[in-house]
Amino acid sequence: MKNCLGMINLSENDGAFGVLCQNRPTSMLPFAGRYRVIDFMLSNMVNSGINNIGVFTGNKVRSVMDHLGSGQPWDLDRKINGLFLFTPTYDYTSINAKVGDLDLFFQNKSFVKNAKQEHLFFAKSYMLANIDLSQAYEDYIASGADIAIVYKKVSDVKNRFIGCDKINFSEAGEFVSIGHNLGMEEDFNLSLEMYFMKKTVYFDLLFDSVEKGNANYLKQAILNNLGKYKVHTIEYKGYVSCINSIRNYFDANMAILNPEISNELFFEHGHIFTKVKDEPSTHYMKNAKVKNSFIANGCQIDGYVENSIIFRGVKIEKGCIVRNSIIMQKTHIDENVHLNYTILDKRTTINQGVTLIGDPSLPYIGGKKAVISKEGNL
Amino acid sequence: MKEGKMIAMLLAGGQGSRLKLLTKEVAKPAVPFGGKYRIIDFPLSNCSNSNIFDVGILTQYKPYQLNSHIGIGSAWDLDRRSGGVRILPPYTNEQGGRWYKGTANAIFENISFVDELDPEFVLILSGDHIYKMDYSKMLDFHIAKKADITISVIQVPWDETSRFGILNVDEDNFITEFEEKPKHAKSNLASMGIYIFNWKLLRAYLIAEEKKAESAGDFGKDIIPQMKADGKKTYAYQFEGYWKDVGTVKSYWEANMDLLSEDNELDLYDSNWKIYTKNKHLPPQYISCGASVANSLINEGCKIEGNVENSVLFNEIHIKNTSNVNSTVILSGVTIEENCNIYNAVIMEDVVIKAGTTIGSPDSDVVYLVSKNKIIESE
Amino acid sequence: MKEGKMIAMLLAGGQGSRLKLLTKEVAKPAVPFGGKYRIIDFPLSNCSNSNIFDVGILTQYKPYQLNSHIGIGSAWDLDRRSGGVRILPPYTNEQGGRWYKGTANAIFENISFVDELDPEFVLILSGDHIYKMDYSKMLDFHIAKKADITISVIQVPWDETSRFGILNVDEDNFITEFEEKPKHAKSNLASMGIYIFNWKLLRAYLIAEEKKAESAGDFGKDIIPQMKADGKKTYAYQFEGYWKDVGTVKSYWEANMDLLSEDNELDLYDSNWKIYTKNKHLPPQYISCGASVANSLINEGCKIEGNVENSVLFNEIHIKNTSNVNSTVILSGVTIEENCNIYNAVIMEDVVIKAGTTIGSPDSDVVYLVSKNKIIESE
Amino acid sequence: MKNCLGMINLSENDGAFGVLCQNRPTSMLPFAGRYRVIDFMLSNMVNSGINNIGVFTGNKVRSVMDHLGSGQPWDLDRKINGLFLFTPTYDYTSINAKVGDLDLFFQNKSFVKNAKQEHLFFAKSYMLANIDLSQAYEDYIASGADIAIVYKKVSDVKNRFIGCDKINFSEAGEFVSIGHNLGMEEDFNLSLEMYFMKKTVYFDLLFDSVEKGNANYLKQAILNNLGKYKVHTIEYKGYVSCINSIRNYFDANMAILNPEISNELFFEHGHIFTKVKDEPSTHYMKNAKVKNSFIANGCQIDGYVENSIIFRGVKIEKGCIVRNSIIMQKTHIDENVHLNYTILDKRTTINQGVTLIGDPSLPYIGGKKAVISKEGNL
């Protein structure tokens, strides 16, 4: 896929995540004990042979730069090609509101123009999967289409994937439109918001939309020009989870306790790479009792842990009971704490004897660096 | 010569044959240790943490795994534009091939490497020991004493002095005498094989030593006694802390078991002195509903369905239902099938233990080294 | 085995003794060329430009400069998390040290390196030639022909065929016959010493060859004739473009002079096929008021106060007032004092030419190799 | 100097540079054939042993990120310490205008807080020198002062260094204040805007100023608190040039044609590092005539060049006369062009026969990628 340029747009709507996304975009949410959401799409690209990738950050730049750096964990710190970050530019002289991704793409058009690749692959980070993009790419190339959209048939999903894009086909099976899922249908075709596109088509769409002013988003531009281009659809049959609400984020984490799902997510089409933290082994101490949990390195566990996801460097002292929870990096849980349906962000401290209980529909959330003790929040 | 600059030369060529099958395919410094490390990670991380960023690694015996482990040194932040980590194997010149004859000869053969880095001091290390040490403090000592050589020493139990090179020192830590494996030692300060030399001086001695036909080209046997004889100022730097030479299978097993005591001196959880190693990019470990794990170290990619106690598990190990593992070190990629009982073992990489196997017993202190084809009892 | 994946193994152990003093301190691949490169930069840059990112470099003779030049491979974008460039020197195992006996034996000794990278194809290169070549096109040819071996060939003048290994081919480029330095060649297609093998097949042949007591462990003498004898499909890939083996001081000088013709075939200014090399971080060159420079290549850090014509100057060269340099190659760090006249010379690194010196003459075509201590006339 | 953290603030006033700074800050101006202005301060720091450096970018982020990347040319691409970029954050909810550097420092205070270094060194990029900072640092440490300011005695400079800071001493030789140079004095003490400071003092100043709201700039905060701290001054005796106007920029470039100055700037206290471009040798062709010029690699020169600075990859065809000019990277000057007192930005094309003549007081400037031909600007 060295003839394909990767484009990841991180300006996702993170309003639904409350304090978890106060200083980070959705793409930087910690996931599965040691990853960030974006690691999956970046690793998919790298594992499939895409080695020139532009990441278009939203406003929360600091968190993105800290994690991605020069791209070393993904082997993207290169002289030729590699990883390029594009931060928003602020222009107080323009009367047009800056909404959507098209403006950001337009501001940085020289990146695509100067790239040697002739095809583009666009993706968001919040559709989390371990997907073999090279197969999809071959399918797209073989189809001879101008644009290809990757989708997945989902069934029995009433009230899930709310707000996601859906792909509508005619009765003859031809692609008709992209709609908005309101959760009315049991089964539908979920757009993974991954598009392949010829570079020439991309520039046609981009310049046409900027001149006409009739689209803020790339997918809008595609829809406006459906008649002009040959659009191909590619079905993905693997596992995908969609991180667009706290509920979905919690469920997506818990899903990896299913060995079939974790096998697919972590091994199926190559490893998932992330920033290295150099944590030592996890130490299960004398009083440790752990059941059905996913535990990262560098932890020291002396309590009871069940159905939980424990990130790197967490300390759980004796007498603790941690169930159905997500405990992020470097959190310290002191003796005799009881947690159930709780999400604790990085570097949280829970002092002795505290009890925190949430509900699967909305877990209790402790913000980054919070200190919680029985006498109240210090 | 750059003022105050110190580089390290790490001798990593030894086979370590008493480690038996553990060093069949790799040199001793490449032997895995402590759940995720290789022995050489300790001196390399010490260098990086001590702000020594130029490290020459002298290899000779089966260097392939070591090369592949060290790569460009990025794990230790030693991938530098200039300097950084450099593997130094033997090479040929017009006179033919020249294998390293001894520790000092290995440095002699790489004088041009050191000259290019142009240091004031050279730190000689070996890749065989497990310890955490701030070499910059040893350098401060060396400079404060205006020493020509400083040798790092550690107190060993008196009944073990006959296994070590023993140094007798005066109250100023000036070295008065060397004794190689003495029967009746006058001191219990053992040399750790860590030396700081002033490079200009060492350079001259290396060249002079090379001209002697009978020389073994060794620091301990040749260079240091000669310097001492010439009246050069030799001091002992007393190190306190955990230090272990994992020379045999049993001591290797013991050193791993040491890590399980909650206040062990090595303290791998100290974030101010991290031990770095090559990263494998594996997902977290999974402990299943039916598993029990206590007093053990476990690493990424493991899947534990059985019972694990007092053990050290490396990466990607699968312990199946109803198996018991006790007081055992398991290297990466091992599978232990159902209904096994394992006590006091060291299981080598990628071994599959068939269902129903029993190794060792809770009542014996024999340690078993388990490889793909055979099981060896420890000495 | 990863489908379609090709790695390169670059043989960089040769001394190149006909280059005389130029290879006294370095292996031939490390000899400077073209104002800022070393010879090995050409195959390494070709690899990087051909999207081959795994390169094993087999060293043996005086590898120090080569190691230091290649470093971690960042100049060629070959400093990769996994794979990338790796220097492969000889090593010892339980049976003792094993120097590389021949080209194929060197690959044999590193089978485990190749196995870990797990390629479908292996490209064998030498570090001795100046050329730009897209190896991925050669691989396309190899795959299209369903070949077992593909050998890259170039047309040489008919009167030089006796110096080369000549391949006779049919109209499909199938190789019908090899002739080593034939007196009366039937073809003028010379082997460039560049081979693509299917790794599985080559691996089997390397192991078989190693068992033969009489084998020289050489591709040209042993492996390829044996494969051919066994009926393996061997094809010739015809390369067109500049290709030069700088075997002698005179041909070295000529190859440098070739670069001065404005439409030379090598075209180092092509930004689509850059030749990369280690960067020195020097400021631009300064041409003074009294200087004159024409038809010459000059590099960073030079200070030119005299007259330079038809010459190739490396880095940090100082040509003082009133000196004339003509048709000369000057390596880095040279100073030419006042009032010198230099014609047809190759001046080695860091030489200082004293004021008033004359070397060569405009009327002769003898080329002089100038080192710190002596001046040698070319053959 | 591993106990000293480097802080480079790039939000310099670049209004005086017109089209040269349209898309780049002052710190990214090309200089001396192959460098950017910032390369000098970064190299000074690295050569003096500072290995943890924060760069606070202004709004023109893209140009800074392209050049600095992960810091590889300065050996600052590290796991521990290294190079960190801080981009401005936009906060539409605050009623306070964001002026000065203090706000940027405050937003990113955790960088300094988490750093292990106990001392800070602040610098701007536009005071261009090759300075041994370790000597100044030792002087600062030995003085026991809370703050140290580096200055240089400049003489015979009427109407130069306009707008720069000047250091005023009492008659007893004690530091009194920092003022603004209007060019009235022949000799004065030029502040190099380089400060050493204890980390504790930095946080005192920062928090005090934010709470009181009485300073926008760090130097303002220092002045407000002069009584509270021991301030030391360190005299620098080497060469410095100040890049704060087109005139000064032009003169600073021309100054390197003086071998004494170029020796000091490029070699005195270590090499100056910059991004590598992998350009081949410069080819002086048959008709080349070059006098008193500084010429980078990768050029192809067949014309007449005098008193000029030629950047990497420039092509000057036969029949051209280039005098007293600065020609930036990848510019192509076609046959029979005549240039005098001209600055051509990157990738400019000058077509056949064009004549462009400026004046030393204000050279002719050709903007980036401009194409100039006799028939008018294409």
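Every chain is named by a letter (A, B, C and D) in the order it is written, and numbering of its residues begins at 1.
Note that in this section a contact is a pair of C-beta atoms (placed from the backbone, for glycine too) under 8 Å apart; a residue touches a chain by one contact, two chains touch by 3 or more.
For clarity, every value in this text was computed on a predicted model and none was experimentally measured.
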item	value
Chain whose Cα centroid lies at the greatest distance from that of subunit D	B
C-D compared against B-D, more contacting pairs	C-D
Separation of subunit A from subunit B, taking each centre as the mean of its C-alpha atoms, in whole Å	41
Subunit B-subunit D separation of Cα centroids, rounded to whole Å	47
Multi-partner residues of subunit B (at least 2 other chains)	74, 81, 276
Two or more partner chains touched - positions in subunit D	72-73, 79, 276
Sites on subunit C touched by subunit A in the complex	48, 51, 74, 77, 80-82, 276
Subunit C to subunit B touching residues, read off their complex	15, 59-64, 67-68, 71-74, 79, 81, 84, 86-87, 89-94, 97, 99, 110, 112-113, 116
Of subunit A, residues touching subunit D in the complex	59, 61-62, 65, 69-70, 72, 77, 79, 85-87, 89-90, 108, 276
List of subunit A residues in touch with subunit B within their complex	32-34, 72-73, 257, 259, 262, 265-266, 271-274, 276, 278, 280-298, 300, 310
Interfacial residue positions of subunit C with respect to subunit D in the complex	34-36, 74-75, 259-260, 262, 268-269, 274-277, 279, 281-289, 291-300, 303, 308, 312-313
